[in-house]
Amino acid sequence: MLELSDVHAGYGPVPILFGVNLRVGAGEVVALMGRNGMGKTTTLRTMFGVLPATRGAVTFNGQSLVGMPIHKIARLGLGIVPEGRGIFVKLTVRENLIATARPGPWTVERVLDLFPRLGERAGNMGSQLSGGEQQMLAIGRALLTNPRLLVLDEATEGLAPTVRALIWDALSRVKSEGQSILVIDKFLAPLTRIADRFYMMEKGVAAWTGTSADVVARPDVVARFLGV
Amino acid sequence: MNPMFRNTILVALAAIFAAAPWALDEFSLNLVTRMLIFGIAAMGVDLLVGFAGLVPLGHAAFLGLGAYAAGILTDMGLESAFVVWPLAIMVGALGAAIIGGLSLRSSGLYFIMITLAFAQMIYYVFQSLRAYGGDDGFALTRNTFAGLIDPYDSRAFYFLTLAITLVIFLLLLRVVASPFGVALRAARDNEARLAAVGLPAFGYRLVAFILSGALCAFAGVLLANLTGYITPGYGSWPQSGELLMMVLLGTAGTIWGGLLGAAIFVALSEVLSEVSDHWMFYLGLLIVLRVLLAGGETTKLLKRLDPRRRADG
Amino acid sequence: MKSYLLGVAASVALSGAAMAQEPFRIGFLSTMSGVSGVLGQDQRRGFDLALEHLGGKIGGLPVQVVEADDKFSAADAVQQMSRLIDREKIQVITGLVASNVLMAIAKPALAKGALLISANAGPSPLAGPGCNPNLFVMSFQNDQWSTGVGKYLSDKGYKRVYFMGMNFQAGWDHTKAAIRNFTGEKVAEVYTPVDQLDFSAELSQLRAAKPDAVYAFYVGGQAIAFVKQFAQAKLDIPLFGGNGLSDPTLFEGQGDAAIGLTLGTHWSAALENPVNKKFVDGFVKAHGRLPSETAANGYDDVLMLDAAVKESGGKTTPDALREALRKVKYASIRGDWHFNTNQFPVQNIYMEQVERKPDGKLGLKFLGIAAKDVQDPYVGECKMAK
Amino acid sequence: MTFSLFVEQVFNGLQLGMLLFLVAVGVTLVFGVMNLVNLSQGALVMMGGFLLATATKATSSYWLGLPLGIAALIVIAMLIELLVLRRLYARPHIDQVLATFGLMLMFNEGAVMIWGRDPVFMAIPAALEGSVTLLPGVAYPIYRLAVTIFAGALGVALHFLISRTRLGMLIRAGADKREMIQLLGVDIAFLYLMVFCLGGVLGGVAGMLLGPISAVTTGMGDPILILALVCVVIGGLGSVGGAFVAAMLVGMCDTFGRVLLPQALGAGTGQAIANMIVYLVMAAILIWRPAGLASR
């Protein structure tokens, strides 16, 4: 459903992406990995139209996203959980969920069922939440836009192991509902359990792609793209 | 700019300014004098807008402070410009120190609004000075120069203003190129970095504010002398807006832009008001178009003309 | 530019028969733009109507009017004065609707030898020590209207009067003159800021003081706001003022609230004389409403200049006109009046009242003379060097 | 000061405060959500007066004129946003100040070109004529009371809009994280348009309410704009609640200052300080809290 081919982009005169090719199919969970500064977040920003692609094509269900305003891209069915979570601090938890909600299978009740913790804090302001709660809220908020593709950028960064486990559990449940997901994360082990396919980014291109089984079977790939 | 080209322009400008008194009738000469006077004020405002990145919407207050101080001192029997003018400028600087000290605790939008509010306060002080005509204002006898200059000779007054403007212009060029000017711009671009090397942005900004207030006060003194009459209108908030327009019409952040902008503004309002009683509409339209069509040119220029950045690449 | 065009048009019209005659070039410096532009614009309407009635000539001379806009600012006024005198080489300047503008240009213009004829502003400093042989104010001195009103209030037997005014020179002049000429008790003397538009606090205070009558000096937008709010407060106290409190330019804005206002004035649209009738009828026909006091001054100004130029035998130099103006006699729209030694008018002050006319529009009823041959109180301080 | 005069002045102060609040809300919302200085709000106040006067005259009915006038205001506010302000959001503050200052000049003189220099009349609607007795001996004009109540009701409605509706949530979210709400599918350009129209219309409505009390003339909005800006600064930029508190404070200080200060300090000094009281209060508050009352 999502296809990037030969995408170039950058900040002003500084190029970051040098021809990214990437594809996410319907119902698929795809992981995007790589060391810091290799262009993962930039790829997402280009997909969402925040950064203009200087070359190449981004299509979603056959429709070109290049040059489209950010909100239209989102409305086509791309839901994002951004790096740093981007919670609205002056809104309550419930308001964060419903402010940008669009109709579809995901409802507030189902999200609260997925993350019961949010239900307990429904009346609290966004600014009063812990990091883990903010992350749950960001995921719930993205789900409530009822995206065809959910995109997560570093959804477990800086969280305690128990909270991380909660998030991974929730994502597997989401996957089991048939939701397509594109996920950026640093933790390989849980990703191999949930992702169907992997892309490894290096120096602005998606240098390697393969299934979860391939990743597990190829320690050399892991060492090359993720090792320190 | 090519130095050869620049020098040619400067020489040509100097020739034009020197020849003006003989080429122009008294009306046009007074108009040019007004341009220079507002140029001084606009250069002062530009110091804040273009170099400190602060937008004051109340600098007419210092224009008014200078004019009122000069008028009141003259009324008290001090006639010599050598006494009255420095005192009046000091009054402006003192006012700027107080207002600046209070306003500079904020920045951005707050700074705009707070300077406006303080200027309104001073405006109402002028308006309530019953001994000095209240809202109607009062007449000022032009200050004397110990017999060196005839204050009522338009040419003499023009050359005096021209000389003052030139001196201020050259001084300001040195000021913005000095370590002080560099620190001021550094504070504009990255306050945290400046603070990290132990330089408080507040101090630099306050000095810039006082300097710009003093320049506006000087312009007020000159304008009061040229006009021979002082009203609270000198300190009104639309006047503050006009000072900003002058900075924009020139080019913010260049010092000479203040002079150019003031000249354009004075000429523009003169021409427009001769063409139509509705000149304010067209003035407003021109300002809006200028802002919209400039397309952020001001900011781009700010960056391009910043010597530090230019040195970087 | 506009004035140049007018000038060129006038000069073109002159070629031919009038070629031999030098046109009378006159500067019209007034507030033509901005919020106060209504004053200068109406003054100019009156001025132009008189020119039309005189066949475009003053004292038999073709006229070239050069207009300049003072923008209600002292600094701009001085600059425009310089344009008229230094560039246009005009020596006779009239118009001058605003006190602050007249005050600002008087000294420099007189120093250049120009003749100033104010057709509206009459600030007290220029009537006293600041008087000058080349400065004529043909309209009124600020104190005159309210001198009449103060006397009228005393004559009508009001005991306790509440005085209010705008906080600037004209406000003080007018209000203090009313107080000076009123023999009863002054309940209060309140001045409000010139840009204040809500008088609720002052009106509540006024209600609590329970005066017999109120004198108020307000002009322009403040007059509209004050009169409306006074009516809305349902105070049932008669309201008096000068001509500025309600004039035909304000009728539309004030509506019924103006009905019953009693005003002191040096001229009224209701004055019965043939010249005034011709003026008022002509103005109503041209502009669809009664003329304001500034329009009347503009009109009367031209009539006076016409007589003065005839008196001087067609000479329009400041010296010739000055001497002629000192002796001038003409049929004025306001009846007989003459220049005092300070060259401000000595004239009757009339009372008029705003009423609803049978045609449904607001109009003015003439109540009579409040005071005869009123002169300003500053004339004694004028030491005119002849 | 007698008790009845005190009560009356409280009502006067409330009414002034409410009107200032309506004008200040537009400025503070635009500050908060779009980070834009809008000096053209005063022009919208004036346009409100002129439009209602014209619409009332054309339809011979205040109650028909009111919705028509508001509709026209919405169109004007939209045009301002679409043609000018939209291009200024990413600009430095000086560009915003000057462009909106230019707009103010254009509207003030444009009103002269359309309606002429003579002030335009606006009557109190017949249903709101007359006065009510608040206390024995204190008759208060019904219209002023109605203005206070109506403006207060608008304030409550606005509070409801901002705190309870989706639009309100988006306004608060947009003031917080501009890019994030676009990433979640919200058309920010449309949201900004809505916010500006909302603020502009509230300012215009203030002008409409003011019309029958004061003069409908060019520049009538300018002094109100300045006072509203003071409220915005005292209240804290972007804070609607702060603007409300500040507007009440300014309304009361101004009303009571004009009565009490001349009594306490003598006519001359008292009146001079009464003119400045609002600015003195502002200076005092800013020395205490440089970012306004709403800041923590």
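Per-chain numbering from 1; labels A, B, C and D assigned in written order.
Please note the rule applied: contacts are C-beta pairs under 8 Å (C-beta built on N, C-alpha and C of every residue); 3 or more make two chains touch, one makes a residue touch a chain.
Everything numeric here is computed off the predicted structure, so don't read it as measured data.
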| item | value |
| --- | --- |
| Shortest walk length in steps over touching chains, chain B through to chain C | 1 |
| Label of the chain whose CA centroid is most distant from the centroid of chain D | A |
| Between chain A and chain B, centroid-to-centroid distance (C-alpha), Å | 54 |
| Rounded Å distance, chain A centre to chain D centre (Cα mean) | 44 |
| Centroid distance [mean C-alpha coordinates] between chain D and chain C, Å | 36 |
| Length of the line joining the C-alpha centres of chain A and chain C, rounded to whole Å | 77 |
| Shared-contact residues (touching 2 or more other chains) in chain B | 124, 127-128, 130, 278-280 |
| Per-residue multi-chain contacts in chain C, two or more chains | 33-34, 37, 41, 167, 193 |
| Where chain D touches two or more other chains, by residue | 108-109, 112, 271, 275 |
| Chain-chain contacts as defined at top | A-D, B-C, B-D, C-D |
| Residues of chain A touching chain D in the complex | 48, 50, 69-72, 74-75, 79-80, 82, 86, 88-91, 95-96, 98-100, 102, 141-142, 145 |
| Residues of chain B touching chain D in the complex | 49, 55, 57, 102, 105-106, 108-110, 112-114, 116-118, 120-121, 124-125, 127-128, 130, 237, 241, 244-245, 247-248, 252, 278-281, 283-288, 291-292, 294, 296, 298-299 |
| For the chain C and chain B complex, residues of the former touching the latter | 1-4, 32-34, 37, 41, 69, 71-75, 78-79, 82-83, 85-87, 99-100, 103-105, 107-108, 111, 123, 167-170, 172, 193-194 |
| Residue numbers on chain B that touch chain C, as the complex places them | 25-28, 30-31, 34, 124, 127-128, 130, 133-139, 152, 223, 226-231, 233-234, 270-271, 273-280 |
| Sites on chain C touched by chain D in the complex | 33-35, 37-38, 41, 167, 189-193, 195, 197-198, 200-202, 204-205, 207-208, 220-225, 228-229, 232-234, 249-250, 252-256 |
